[in-house]
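As structure tokens, the structure follows; a few thoughts come after it.
Chain lettering (A, B, C and D) follows the sequence in which the chains are written, and residue indices restart at 1 in each chain.
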Amino acid sequence: MYLSQSMIKVGIVGISGYSGLTALEILLKHPHVRVTYVSANNTEGSLSDIWPQLTGRTNLYCKKFDLKTAVDLCDLIFLAVPHTASLEITPGLLNANKRVVDLSGDYRLKNIKDYEKWYGAKHGDAKNLKKAVYGLPELYRQDIVKAQLISNPGCYPTAALLALAPLSAFHGHDISSIIIDAKSGVSGAGRKAKLSLNFTEVNENFKAYKVLHHQHAPEIDLYLSKFSNHQLNVHFVPHLLPINRGILETIYVHINEKMGFNELYSLYQKFYKTEPFVRLLPKGQQPEIKHVTGTNMCDLGLEISADSRLIVITSVIDNLVKGAAGQAVQNMNIMCGFKEAEGLV
Amino acid sequence: MYLSQSMIKVGIVGISGYSGLTALEILLKHPHVRVTYVSANNTEGSLSDIWPQLTGRTNLYCKKFDLKTAVDLCDLIFLAVPHTASLEITPGLLNANKRVVDLSGDYRLKNIKDYEKWYGAKHGDAKNLKKAVYGLPELYRQDIVKAQLISNPGCYPTAALLALAPLSAFHGHDISSIIIDAKSGVSGAGRKAKLSLNFTEVNENFKAYKVLHHQHAPEIDLYLSKFSNHQLNVHFVPHLLPINRGILETIYVHINEKMGFNELYSLYQKFYKTEPFVRLLPKGQQPEIKHVTGTNMCDLGLEISADSRLIVITSVIDNLVKGAAGQAVQNMNIMCGFKEAEGLV
Amino acid sequence: MYLSQSMIKVGIVGISGYSGLTALEILLKHPHVRVTYVSANNTEGSLSDIWPQLTGRTNLYCKKFDLKTAVDLCDLIFLAVPHTASLEITPGLLNANKRVVDLSGDYRLKNIKDYEKWYGAKHGDAKNLKKAVYGLPELYRQDIVKAQLISNPGCYPTAALLALAPLSAFHGHDISSIIIDAKSGVSGAGRKAKLSLNFTEVNENFKAYKVLHHQHAPEIDLYLSKFSNHQLNVHFVPHLLPINRGILETIYVHINEKMGFNELYSLYQKFYKTEPFVRLLPKGQQPEIKHVTGTNMCDLGLEISADSRLIVITSVIDNLVKGAAGQAVQNMNIMCGFKEAEGLV
Amino acid sequence: MYLSQSMIKVGIVGISGYSGLTALEILLKHPHVRVTYVSANNTEGSLSDIWPQLTGRTNLYCKKFDLKTAVDLCDLIFLAVPHTASLEITPGLLNANKRVVDLSGDYRLKNIKDYEKWYGAKHGDAKNLKKAVYGLPELYRQDIVKAQLISNPGCYPTAALLALAPLSAFHGHDISSIIIDAKSGVSGAGRKAKLSLNFTEVNENFKAYKVLHHQHAPEIDLYLSKFSNHQLNVHFVPHLLPINRGILETIYVHINEKMGFNELYSLYQKFYKTEPFVRLLPKGQQPEIKHVTGTNMCDLGLEISADSRLIVITSVIDNLVKGAAGQAVQNMNIMCGFKEAEGLV
């Protein structure tokens, strides 16, 4: 095997969900990680009972979460749990000096009232909310290095922020409107028995949901405004795509001053020049979900209207990888001083 | 509208399921039927709340089942309910002299012990079990005409019996083994929240289930043996297809005496010559599910091995139409003296 | 069968495509129509060879198009052919005093230069271009009654114009920007062997195409401006959905003056009050493609942003029915004095 | 990077197909391989033009095949080409003392007449046909070690032979009939523009094809008979599954003597005890395609009929991995003395 002097022990809480599984599959091949602990709330048993595809690839046994065990066995813990569950677990882990990458929405919105409005739940951990670092490496790499608690971005915000960061940072004052028409595969809804997620309900179908009312909109607003130093608000409309995984966002930005395509293109090219996981497509090409499926990539396409006043940015990611577990591993790599792309494609 | 002297009033119990919906969609266009009553166990409300696609096409209101109302409003009732539910409802309807087409499995197996073994439930209605007529028109048309209670065949048995009836009737003594490899779309599993039916679990997947243990096997055995006058037992293995609707069965029959393809083909051709809903494909062609989707057709393909000892019959139906609601309407047409194909394609 | 004094003879040119098939399936059940002629350019043979699902339902034989035969056999002809093909056929049919419903794009754009720019082909039939009536019944019913040549709207424009007509007619001066984010099932691309339409390329994938450059954009601009009496231009971005049929368009309209949701909703409610094929969903509900699949319905959903300045309209149709063959039949019904909804659901 | 003393240079001929791509994706992560050459017959250009998903992951440039270049640049070559293309390329590569793993069907059938019958083409390379080793490691590992030319098994035969090898080796004399009902995802048909492979033709559909006439049947017969030392012939019926990748075969074996389930299960357990890529599922469990997607695994399920005379074996693989490129890499690992599972999951 790949031996390493810098080997860390990692736990995954929420192993029975799709993000937890994806994290484990990445970490099982990671040269600097040993997965020492997995837990789930509703399921207990051999991992191969929960995920038969793992048979023969790991002997891990899944238990209900227990703080002491997690603390004893792990250096760093991924929380791949629904919102509110992280709130209960995180303080104990941090108190024990563990590092935490939280994939839920619990530490993303910095204003507690916003959290309570959008997530419909109380938030009692203002202390850690303040110190949580938003784990979008392309924007906040320096802060991630030394973070103890990473708030891993939502899937929709990841695709949106990577698409909008260059434009809003350099032309934020010039933006008059941002519309995000987002489409997500079904794994984005999590893994639960629900009639509206049944095959026969989703297959051969398509619809919008939570139109202008999705909890990822304020997350995009917050970090887009922060990063660009302009107050920006997006109109966000998500849709349910009949595929297993992947997000495509078509983003429409009205600008006050005309901009040429080449200027726009150069801006993005420079911004992402050295990024391993953002690819700007050649002029005239459009990103496709399948080109990033199973990878940590975000592919971007650019177009501009004939009157040079409307910019159309298309952005694709795999919601379970760059939109969740892959980005979590990328954050872990940065936190631990590993190569940022280690274990990732 | 199409006026008719012979207009009947029809009720559908179990309108919140896929078979109930399909029955209603057929009956709304049927020239001799007025749907006067719909009910469901767990849902109450305007039909367009349950099935938004029906908005503007009907003003029916769905209530919980009530025997008196059903009796008052209907001449004939379709029961599109899960097994055991029919057992509770049927006796009352029959006592009130109503005609019933039961789409559940409750009146198909004639031996109560068999029912209890395969359906895991008690059966307390031996009287009506005896008088129920098995509603496969191609085999039992004469009995259907005068039946008060129709036991509408299961989806898998419909495709299997139509595929096997000619061969087993004329060469039953010669059959040494029958294997049915069946594949069904997801609507065959009914409409309920269940993790294993989630889009992400079914899509891009395929598996066998209840291998050699499906409750439709004894139903096939019973009617195949009855119709052919030979004791025949099938080996039945169903699989879950990632499509909404449709069944394809690939049926392998070992025969003791060699048979030529032309002999076999003529046998089927004659047998189904005048049937409106069974189509024998030309030699060398294979049936496809999409060619029967939304129709009451059963398409059959025939092949025979080079050594003339193994016959391969392929049979496709739409599980919700010929495998459920369409066949129920076909039975109703026969019972009421309408044209057998009225309202059906 | 349904006899009628007003029985017409109808031909379908382009029967080997999806629109041609859909037209035929509707017309075979239409009480006032006898289909007397079908043709296709590349295929000759029994219709059941081309479409096995039609076996036993029709004896029509498909030949290459021949003007004289079409004229001899038909009162009215549907042209379900690719663009440019209609240009060659239409003049002859009109000269012979036949009525024509053209499903191609050949007679939609009224300016020949626009046609040549967007369709990349010459247009030599200025005379008939002028007299062609745009067959969107909800907007142009009176003109359709007496038309000899109907230019049947494109699939995307149908969904877009029905979504935008009320708002642009009454508030056209107030609209500052229209963005149409459109998603279409694969049958919209026609029926041809093409690698990019292969199952493995489309399935589990999603992408935008012809971003801001689709030939349906000028069609929407033209009729939206005409109907509203304001010069309006849309930004149009289509995407390819991994489903067989159906279109959903999410339409974003920026308005200069604030508008309340109730005002907006009432406007649409009144506008479509008596229309059989447009359904406005209750407040808070979103249309789904599957609710219109196989029907001639257009379902509309409305939302408005918190600041009352951005309207979001969602519109769904079945691209092969209301977006093509169903609307063609609706036009035929109007032209011939039949009930407008005859044969349609 | 992972440096290695035993680093080999590998070429892939046929990089524009799905197997070629899959091989490359595996090899790019393989610690002992440098991919030095890729070619395709109909496509020339940067690899990222052909497969945009590879952008940034490789700088390989694709040219038309040239023997001299291939010989100069590679130690070992994968031929991921259609049949007959391998026949033209292989002799030159072998003459230059290169090692070849041929994924086509050209060197599988050992009798030239059989090849010509089933593949409809002449075979002029009897010499290399004789020395080609059938690359199914679980059966022929020892021969693979020293082979110069590996004939990589077909996808269907891989799943079939792994399912049948234990039973036929130990109870071959007792088998009276073998039926293989096989279902394959669409990538098994290769990557080409073909109407019958279009999304709209395959999606929501299912059908059998080449019933009892598929060219993989004689391949199964040959190696099953060889390995078991009994003349065995299978009845083979393939079907087209509406998924991208994966094969499930349901195999029915009639036996003359009764066999208990435990005896059968032990036999398989022992046979595959130390195999890294074959997993026998626990009693009562059925394999699912998605549990092996993207992996080199073959999962097997066992059932036996109540009368102990019919064995039902279910076998799943990913047709592009264990059924093609993964198995090719497994063979390469064995040939080169690497760990057999290196680079594979």
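Quick note on the criterion: a contact is a pair of C-beta atoms (placed from the backbone, for glycine too) under 8 Å apart; a residue touches a chain by one contact, two chains touch by 3 or more.
Computed from a prediction, not measured in an experiment: that's the story for all the values here.
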Option in A-C, A-D or C-D whose residue-number contact pairs overlap B-D by over half: A-C
Contact-richer chain pair [A-C vs A-B]: A-C
Rounded Å distance, chain A centre to chain B centre (Cα mean): 47
Separation of chain B from chain C, taking each centre as the mean of its C-alpha atoms, in whole Å: 36
For chain A paired with chain C, centre-to-centre distance based on mean C-alpha positions, whole Å: 40
Where chain B touches two or more other chains, by residue: 201, 203-204, 242-244, 288, 290
Touching residues (chain side chain B, partner chain D) in the complex: 177, 179, 181, 183, 201, 203-209, 211-212, 235, 237, 239, 241-246, 248, 250, 252, 254, 286-290, 293, 301, 303, 305-306, 310, 312, 314
Parts of chain A lying in touch with chain B, wherever the complex brings them together: 18, 186-187, 191-195, 197-204, 242-244
Chain A residues touching chain D - in the complex, by the definition given at the top: 2, 29, 52-53, 55-57, 204, 276, 279, 281, 285, 288, 290-292, 294-295, 297, 299, 345
